[in-house]
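Shared between the two complexes below is chain A, which has chain B as its partner in the first and chain C in the second.
== the complex of A and B ==
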């Protein structure tokens, strides 16, 4: 560090600007950053070591995988880094896409197994598809009838998916009428297409339904991309056909790989088409083709290692966090304990939070930024509201738990300890954060763009919808997903609304008794068997952190995508 | 599948072609279809869109024990939690459709916040229910039914390095734990060191706290507020382990799983020093032996799944499962008494 001090320095100092303060400030900032990072890193390493127990393996096991996997992968990574950067990017993407695809497939399995059945999924997708077809047909046949089209756009999906009026609304109305002593209010309604499909006595087998309702739309989307890129409808169709054929091969391949036919359909649908499209692009551009070696080396190394380890008889580590942990239910025996119901509960709570909070939060932000009066008495009230929202973001989570208890359980009479109550309590907690981050994103859209839009004769609604929202969307989504990351780890509100310490059945609906990952981890932290506190707890924490990282990664991907398009 | 059969069949007559493909198609399709099961398809939807949601617990009880479904909500004492949770797990192995959830909220906390408002079916308690709680329950139309399921040796523990003390009397414990009692170890006995007590114990929502206040400190005296209160017995063990002057109490099960971490004190109730343990609690020689209860709501017992679970619980409360957890199982006589009471209340 340069320190111009001493007698000679005085004369020099009058000419040169002293850099001591600046350098010292930089050093202090660096120290603060690294102290925080190192502390977190050490903590995570400890937890990961507890969860995976790498030292319970034979030293030979480690050596084999070091030679077959770590050395080649590191060597390849070094090569990419030093002399072929585009290939490095390709390597990163080709290894990452299947992982993200598999995670999406896992989420899909949770949804299909616990929340909706395959038949429901099929019926909904079919009904939605037909509704879309009706809208498209109307658009083609009657180009000019804009008002009529608005009606079709609202009515067609409603009739196809929910019926008229929707079954849920009928149930609610009749229940309310029954409570008031008015008897049954609604007696007839148009049955929805979805319900008709579900009433069919015989339907194709589950794996075919999955191919039709999952593979077809996903592969169709990617096929469209291929067709557009290559400017050839035939290539797009060929891609679609290939993807469907691969998925349908699950009838044979599924049982062989141990996934089952349905598992194969889901896994292949989410991993292979995106990978194929990406690889196609790489090959067509002829840029970074060397990167395609990376996944081959990765998979080859794993397989070779597995064969060698078995041949040489080295024992693998016995981690707490293994597939059985993810798929098992909690138990009094640490070895049998799993996190499945809590994982499902947390995912379902996220669904409720997104559905309940995102529209409300973003709507409030749009109103406050674009419509709310900014002057006069009304403007003062709006300012007061904004200040209060800002303060609410800092209120302790346990207070929101109490609020949830009072509001949803005592007033609305929702059953205690259910998914919906926990989700709404946590949702209230992140609502102010969503509003504030969405406001910031909307505020960041330059005013000149709005003025230009008005100058072109656009209405306020058109300006908000076509100019402001598209630009603000990446910021809004980032803020929302970061808030969801906070929501998934919240524990105090869940305790207050009575989510139980020990739940062994994953919830099937939003009004079922729920479990949640942070609540489950808290339970394990107070078990008196040490294996719970050190092993099972660590495995749970790693699972929770993994889900969090996936959510944040999604946020980054979405943001990047929209930023590029905007 | 045969749909993609092409034009190469030109030489075959059209009728034969149709017959052949039709038959093959029918066979292929038959292999790819399934009967639609209504119950399965609608289950999730019903509970999701029900709107009212006032009594989701009431639902599914049915008479066929294999098809038994529904939910049983247990709250209450952290001392009883391991017992209830173990039976919940064992019961759900036989009846996988019954969702038995267990929570540890403390005996009083469970009565006040969950059981008496009618939001749980069963409440674990490490002390008998209080008059005020019975009143709160009946004002909400909840009738608690008491079952004594096990007994426990309440364990007083000190730090492993506290070599000056091995045995205390209930009177000395009262002096230490009462409000305005001794501050220093030397205040109680002269040969104990000049160190301030560091006390760790359950919170006032706990039945253990209530039992200890009532039976050891004395009904007219107050429990000291100058201690670290917690619902997590594990935290108490950790507190004592890390403090040389530490002292605390909890259910015997928690000591049985941490015997090397802290030192359990023997209690001299007038018949010599007796260590805590399952045998001394059983024969009644340990002065701090206490009964553990579960309370079931009478209306909940009318539900098939709650009744079946309670019967399972009471039958197994007499087995070694309980002693493996660290409590004294109920006697055969008590079990029969409990089962008779259950039959009577449930009206069977």
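== the complex of A and C ==
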């Protein structure tokens, strides 16, 4: 960015104005803007080179993939960028949706394998579905009993899923009673629907249960979307049928693809219906249809490259980051080291954070934006709360760790280093971020919509639930995903609440000792062996950054789509 | 769902008012959680800090120049000076770079360049700090050694560089907000007087946005003070007082800021009870410093916003 010297400038009346200084200033500012970006990009390239070791491959291997994959993909991207911008977005989305879907499927597998069994999943979903049906039925039969409905809304799920009183509460009560020397307090309880299902003597095969408890709800959701979009109930039902049929085809297709029937059901459920809905929308709008070629070229390039490399006998690189790394447990020898337990721990922590923090954060945002009084003493209190939330967002993460240590371990007496303690400490940290972003999303809903709703005689809550929240949801989701991205990389709070350096077994429950990806990476960073420092460590860093990039990209896509529609 | 008209449109289902009230209380409870968290931080930290100060004289804690766990010597000044080094060096990197980036984004960049550069800069803030720490230890320090700087394996310089890069987006995006808030009429007036774009940027926009830019500095400093993982990984664990006689020496050597010391004390085996409670004293000090800085920054930002709206 050399500024043209002595570029004599324009004649401005009586004297020449030198533009050198201005040009130089602009160049300096541009350099400053890109300095940090370039520095981090270079560091990321170093780390990626350490993780994938591209130079350990035959040069021919690189050449083949360059010709079959890189050249066509770059060519296509260039074409989209120059002459067909909507297609570029379609290309990005069609390539991205299956990736995000697979990630969700992976998280689902982790949960089903490590946390709950397939039967438990089925029983829970069935019980929840019946509870929902009971609520809907009550709403239809006794339309006017508002308070009664609130009771049903709380009672029906409790009875169906947890039983009365909930098993967890019984355990806790009996434990407390035992500690006090009062013996067993609760001996009989009403068994929940979920437990009844799990006690059933005969249950269908696992893949059928998965289709019923996973494919049906997911495909049903997308089917509703289709039905509403095309204004045709039949199309929605056809979509649902198609999705279930594709998933059920896993019995045959699963073993062929190496996924197994269950794997196929999970993978297809999370990737194909969203992709189909998106492609249908693209075809219907006839906008950016050329973008649909992109995933075909991508997959085709990979397959063609693989065939050619095998035919020509080129050696592939030997990366540190390979499927074995993802699926292995940590080890003292760098070659065997893996990140699986930490990955599971991170996913489980995300679950706790979402369940514990999301409702509170959104609730707080709704109160502050829709209910909070703005004048008088109460108004002052609310202003104080708002300022306080802003300041909490700036409190160092290590202090949240200390809070977690003092509160959850020393006061509440949760066991040190468990998944739940780590998750709650990180959750408190991201709570202000969730509140602030949800507030912004809610504020963006035009006031006229609220007025219209009130004008129709809706109460405040009805307005919030039926008018404000549906419109603010994409914004809230964007903010939450970004906050979760922040949470996944937080390390200091985990250290303070004593999360294990590395565990050999993936945690099986929320009260198990857990590991987490950043914690595991930190452990590797203190190894002095070069193979750890430049290999295993780099692979871990790339895994973490990749997960983050995918999450952030998803959030940005949601935001862009939402902004255009608004 | 309902097809039959209601008898009276002003009527409400039975219990609706009570239900509305319940929702309001539940939502208020959610909002009040944030206050509970703040109170919780202060009370819980203060409780254990008080126990610490019951044993260790606060005066010797705040003025002591040695921090050695094994000998139960708790002088916080070496940790404060470690924090100071990181803050100063990272600010020296982030503030000029961040402000220049803000000027570019708000005054020079085309709409298209902004749409790419702004989110790209935000990515810097989204990278986990543990990753920055590893960059500092595994790539930056060897690089600094390779270009001939006499840095140790653990040193303040590479950690501070990474902290600086991490806080660039905070400075740039807040400063840019402040610059964008400067009314266009001021710029037009300056152009009307025959000023060049350079003169408008440096002579009109930056002074007009000064308070906003300043508040972004304070926020960035508070972020640098509270940064933990980068310094924990790359800066070593040797609490040292600043050497004023040979300032560069401070950069080459290992040192330990307050945050890293907290992590080390917490994860160390066999620390005495006093040493463990010293954790809370340091934590409380850190919390109060950063909280105060955030409040000041917000105050300044709020004041300048009033001027232009």
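General remarks:
Here is the rule we go by: the second predicted complex is superposed on the first by the 380 of 566 C-alpha atoms of A that agree within 3 Å, B and C clash if a C-alpha of one lies under 4 Å from a C-alpha of the other, contacts with A are read in each partner's own complex, and residues count from 1 in each chain.
In this section, a contact is a pair of C-beta atoms (placed from the backbone, for glycine too) under 8 Å apart; a residue touches a chain by one contact, two chains touch by 3 or more.
For clarity, every value in this text was computed on a predicted model and none was experimentally measured.
By the touch criterion defined above, A:398 lies against chain C but remains apart from chain B after alignment on the C-alpha atoms of chain A. Applying the stated contact rule after C-alpha superposition, one finds that A:545 touches chain C and leaves chain B untouched. By the touch criterion defined above, A:460 reaches chain C but does not reach chain B. Of the two partner chains placed by superposition, only chain B is touched by A:119; chain C is not. In the superposition on chain A, A:485 makes contact with chain C only, while chain B stays out of contact range.
In the superposition on chain A, A:529 contacts chain B only, with no contact to chain C. Of the two partner chains placed around the shared chain by superposition, chain C is the only one that A:150 touches, whereas chain B remains out of contact. When the two complexes are overlaid, the chain among chain B and chain C that reaches more residues of chain A is C. Contact with neither chain B nor chain C is seen for A:257 once the two complexes are overlaid on the shared chain.
In the superposition on chain A, A:417 makes contact with chain B only, not with chain C. In the superposition on chain A, chain A positions 498, 525, 533 are in contact with chain B in one complex as well as with chain C in the other.
Partner chain C is touched in their complex by these residues of chain A: 12-13, 17, 19, 21-22, 25-26, 28-37, 39-40, 43, 46-47, 140, 143-150, 359-364, 366-368, 371-372, 382, 384-385, 387-392, 394-399, 401-403, 405-407, 410-411, 428, 431-432, 435, 457, 459-461, 482, 485-486, 488-492, 495-496, 498, 518, 521-522, 525, 533-534, 537, 541, 544-545, 548, 552, 556. Those residues of chain B whose C-beta lies close enough to touch chain A in the complex are 29, 31-36, 40-41, 43-57, 71, 73, 75, 81-82, 85-86, 88-89, 92, 96-97, 99-104, 113-114, 119-120, 232-235, 237, 253-254, 257-258.
For chain A in complex with chain B, the touching residues are 114-117, 119-120, 167-168, 171-172, 175, 198-206, 208, 331-332, 409, 413-418, 420, 498, 500-505, 508-513, 525-529, 533.
Residue ranges on chain C touching chain A, taken from their complex, read 1-2, 9-10, 12-16, 18-20, 22-24, 26-35, 37-38, 40-41, 44-45, 47-48, 96-98, 100-101, 103-105, 108-109, 117, 119-121, 123-124, 126-131, 133-135, 137-140, 165, 168-169, 172, 194, 196-198, 201-202, 219, 222-223, 225-229, 232-233, 259, 262-263, 266-267, 279-280, 283, 286-287, 290-291, 293-295, 298.
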